[in-house]
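My structure is below; once you've seen it, I'll send some questions.
Chain nomenclature is as follows: A, B, C and D, assigned in order of appearance, with residue numbering initiated at 1 for each chain independently.
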Amino acid sequence: MSTPEPRVLRYVEALREATDLAMAADPSVFLFGLDVDDHLGIQGSTKGLQQKYGPDRVFTTPLSEDAMTGLAIGAAMAGLRPIHVHIRMDFLLLCMNQLVNIAAKARYMWGGQVSVPLVVRSMIGKSWGQGAQHSQGLHALFMHVPGLKVVAPANAHDAKGCLLAAIADDNPVIFMEHRLLYPTETPVPEGAYAVPPGRARLCTRGDDVTIVGVSNMVQEAVRAAALLAEAGIAAEVVDPVWLRPLDVDTIVESASRTGRLLVVDNGWTTCGASAEIVAAVVERTSETAGIRIRRLGFADTTCPTSPWLEADFYPTPRRIAEAAATLVHPERPPRLPEATRSASIQFRGPF
Amino acid sequence: MSTPEPRVLRYVEALREATDLAMAADPSVFLFGLDVDDHLGIQGSTKGLQQKYGPDRVFTTPLSEDAMTGLAIGAAMAGLRPIHVHIRMDFLLLCMNQLVNIAAKARYMWGGQVSVPLVVRSMIGKSWGQGAQHSQGLHALFMHVPGLKVVAPANAHDAKGCLLAAIADDNPVIFMEHRLLYPTETPVPEGAYAVPPGRARLCTRGDDVTIVGVSNMVQEAVRAAALLAEAGIAAEVVDPVWLRPLDVDTIVESASRTGRLLVVDNGWTTCGASAEIVAAVVERTSETAGIRIRRLGFADTTCPTSPWLEADFYPTPRRIAEAAATLVHPERPPRLPEATRSASIQFRGPF
Amino acid sequence: MASTLEERLYRSMKRIRRFEEVTAEIYPSDRIKSPIHLAIGQEQAAVAVCDLLEEGDWVGGSYRSHAMYLAKGGSMAEIMAEMYGKATGCCGGKGGSMHVISTAAGVIGSSAVVASQIPVAAGYALAARQAGRGRVVAVFLGDGATEEGCFYETLNFAALRRLPLLFVVENNGLAIHEPLAKRRAVPDGICRVAEALGVPSTRIADGGLHAIRDAAEAAVSALRAGTGPQLIEALVHRRRQHVGPDEDYDQGYRSRAEAEPWIESDPLPRLAARLAAEPRRRIDAEIEAEIAAAVRFAEDSPPPAPEGLFADVYA
Amino acid sequence: MASTLEERLYRSMKRIRRFEEVTAEIYPSDRIKSPIHLAIGQEQAAVAVCDLLEEGDWVGGSYRSHAMYLAKGGSMAEIMAEMYGKATGCCGGKGGSMHVISTAAGVIGSSAVVASQIPVAAGYALAARQAGRGRVVAVFLGDGATEEGCFYETLNFAALRRLPLLFVVENNGLAIHEPLAKRRAVPDGICRVAEALGVPSTRIADGGLHAIRDAAEAAVSALRAGTGPQLIEALVHRRRQHVGPDEDYDQGYRSRAEAEPWIESDPLPRLAARLAAEPRRRIDAEIEAEIAAAVRFAEDSPPPAPEGLFADVYA
């Protein structure tokens, strides 16, 4: 008897399926945001849902991100479960007051009388001239603030499970997607399941160096691990999945074992997720000490549009592998193979 | 021949004097923001300046922080030098789009054709029920973003010198003040001088433990150092003054020498300035390793209003001293004297 | 015995006035541990509007929300305890005077960032419309709040989706110490903006309680009928400092002469005059007793336990 | 020989149209490395307004700013090179099509966050007023941008401080694919909002180039006289996709029938018809030569040097 082929979905389809399941199961869930109801449907992730659930539960809005965020918060406190969609994470900068001053603080400052079961979906752009204002990974701004949760699923399986967990969560969740992940595929179980906060995911195993990747950088790190493997270095790639709350324990365990920690973020390093991960690990391990540490992230610049410049803006599998190899062999890092072979590796599990 | 007593000013007066000097020297400098021209004049820091420079150069605005920030940016690109004042840092959350998406990126994304010589003054509140929305130290959100500079002067001397440096700077500077510092005094030279980015300040010397304080926490750290001294522990208190760019070298030098690093921030730790300082130090020293590390900051909660709760929200001299003592003597930290004696220590230098 | 309209309005207005006067008297003792933004002199909008609201309706407001909270039926003991920073406060000591709330009474948590309550109230209105039971939401805001972009954005959206939302602009002509003329090119144009966005608006220039109530009556019944949002702008006068317990006519930014017509037309003595001595004395006595009990409750209540610091960061 | 008004307008409009048509033709080759938001069919507002502007005046706009940039005198070679991502582009390859700028020609850097250019342009207007030389600023925005709070905030402030700022709303009835009726309760109420805030406004419902120019002429002379801001709303029609080189009437969200009256009233052939054959042929030839040179310039230019990544983060 052969086990049936697992069903494979793209990330974007997984998002849509999660939304569909949640809306079917709970009439208090609603979906709104600029352009969620047009024929493109946020790259397909919201497509057809207005037809299915009607314009009261799926609707576009005026260009008014600030007020629409307040609206979502109020609706959430009043008992609904909004999913508010933004086609770029950069636009969340228009909503910071509502997200940080109200959503994050509502339950606390109002003495536990209310909760804010709100999901804010937003997408990080990359390549083809996205540039300064359409490419930012701003998760660190939200990780900084108690009362918010932050999640950055890096594959289709987690996209669905994290979105279902986020919708079920009674707290505001900043749900961070990456445009380049949308077409990537993994096996995705049918039906509802949750990938809740609490557990980082080990994507590859290895005892030489720990590489923590965030969002799209998980996939780049897995590609880097393939390069490293060819040079005889066994990298353990960790995907935190949830950034707040963060499963520091798994990262500490891995880094303590490998003695080397490379954190690769899909964002800037200064006061970034990578700073937090490094600091959290070091605080917990400084008595034993001795872990070699390195961060990679966006270049410490604004994102340029020209592809010739943009190529150096992002960590690539090759640069990740080089940094990891240097942590392992500081004096004489090994030569790495050309990146071409591993560049096409698609992250498909494990689950 | 006796040297004359140095002139002593309060922090708030130092801010006003710097503004006055800059406006007198350069007609392109102007000062605006909610309530800068009323009879209280932002606790006195803008008092009398409208009378002196007229309503075209000193003016209040409608309650429109977002547009007023864009206005400041445009005026700066057009050749003026705005100082935009906010009575609380929390309100900057309304301006994030303009500050992060425009001010920080203008010079870069527009190919170096423009610059944004803008100073954004804002004050952190504390105590007496400031609570959730009037107490936040949000410097980390700005440190994260390339293109912005961030400064947090911790005494009157630096308040004046940093403000003059910020106004002279051709980049957007987030200028962070602390309400509880306003009445504190130090010697302040007459005339113009700058405390520009680049050099952290050693406030106390010591070889046992390095304590980095940010903003008001510099003063709390100095008080903690006095407590520690009575227990025979010599703490070196470092004030970074400028948070971006950050003088990591001075901190690395001190921490390498003492072998213990405690970073005390006037803000949350997660993805905060303390995370960055720890990560930056560790990246530069991990080869030699062995520094014991600890962070302190706001409790990982929203700020409560009740004084009984608020008392535990902030690092205090005593808690700072205890954390430092534990870094020095992990097994058997010494008993510290009661905080009462050192609580009144006023930081008055050195310069 | 059901009380008459005049009794209800008198009781509500007097209760707020006296609560705030007593608060101001206590304040110098430092037992209240919170900045206070008093509504003395401008209670009538909250009184008038809340008189039309029912259980299941909601009100939202700013840091200056004692009047709204009390008028909608929030517990006086709990708001006083909140200002004392006690565990029994309406926020358990985590919000203070600026962040009052009562889900039991239909008071949305109030917010200290100007105008930030407006879209949040619209969210409640969206939920109310969805529930389809004719519930309405009233959101109170100052004239200064009308300058924030989110006021505009919320007006447009509320009109577009026909939300059962009543905007109540308590226009006291000041934002802290800055007069309207320094903040709006068209100081009397607030209603015109709302109308241009499709929100029918009424302006009550003399702050008359009954005029506000009449406007609110018409507005609320339109809201319940589902015809979309409405706006009422009531000109009023703030008699105390922006923040703090005292009068401040001596500070130079406004004169006592400006205040005089407002004090003369104060709705409270007029309401009092229309009541017979007996119900009035009884109401006054009940109010004083309630206030005394609230102060006692606040003073006798324990402070929050230290571990409360870490509670309710997350649900 | 000074060109006539008709020649000027024809040249400006044709130059933009052809530049964008050629851009759309090149696009599928992937040599342009930037999202493009074409103004084909709605160039007239930029053409009309910029015809009234002088050296020292400024214009600001959104990601859809080719028309404004060219009409105000920005270098065609540099904008083309910018879209190619080359070092010689107007932003040195760091901005792409969405972030064009020319300080030489008075083009404020354009911004891809909807409406964010509006208050920035007001800042230039503040500086212009301060300088006191009668300089003016025109800011171009879409109908969608009028829904953002900062449009409202900027209108109010500009009116309050009498800034020499002309708001030009290029109302193509769409925000991406969403029609106005799904975004505003009062779809034709944009001018009324501005008027309520004290900004005199003119609506040109048929997108006529000369009508826009007449309105702009009156507005700009008022601005130069210091009487404060003005607004012009021009209804126009976008013929291509929101982003990308193609038509998309087959996508279901709008019909080609809607487009027909707009195509019939296209100002460009009308302008052409009013010119004699000779100047027209000369102008056309000059435009084609300029475009060909711009494309050559873009193709021949070097990519940015890698170390440029780290330049200009700070001044």
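The rule is simple: a residue touches a chain if its C-beta (ideal position, glycine included) is under 8 Å from a C-beta of that chain, and two chains touch if they have at least 3 such contacts.
Values in this document were obtained by computation on a predicted structure and should not be read as measured data.
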| item | value |
| --- | --- |
| Far-end chain from chain B, centres as C-alpha averages | D |
| Chain A and chain D: spacing of chain centres that average the CA atoms, whole Å | 36 |
| Cα-centroid distance, chain C relative to chain D, in whole angstrom | 46 |
| Between chain B and chain A, distance of the C-alpha-averaged centres to the nearest whole Å | 32 |
| Sites on chain C at which at least two other chains make contact | 89, 91, 93-95, 99, 111, 113, 147-150, 153, 156, 160, 182-184, 313 |
| Of all residues in chain B, the ones touching two or more other chains | 61-62, 64, 66-67, 90-91, 93-94, 97, 101, 108-109, 131-133, 146-147, 300-302, 304 |
| Chain contact graph, described as a line, ring, star, complete graph or other shape | complete |
| Touching residues (chain side chain C, partner chain D) in the complex | 147-153, 156, 159-160, 182-186, 189, 192-193, 195-199, 228 |
| Residue ranges of chain B in contact with chain D within the complex | 56, 61-62, 64, 66-80, 97-98, 101-102, 106-117, 146-147, 149, 170-171 |
| Residue numbers on chain C that touch chain A, as the complex places them | 58, 60, 89-95, 99, 101-103, 108-109, 111, 113, 116, 118-128, 130, 149-150, 153-154, 156-157, 160, 311-315 |
| Residue ranges of chain A touching chain B (in the complex, touch as defined) | 66, 90, 93-94, 96-97, 100-101, 104-105, 108-109, 131-133, 136, 140-141, 143-147, 244, 268-276, 278-280, 282-283, 286-287, 289-295, 300-302, 304-305, 330 |
| Chain A to chain D touching residues, read off their complex | 34-35, 38-40, 60-67, 90-91, 93-94, 128-134, 299-302, 304-309, 312-313 |
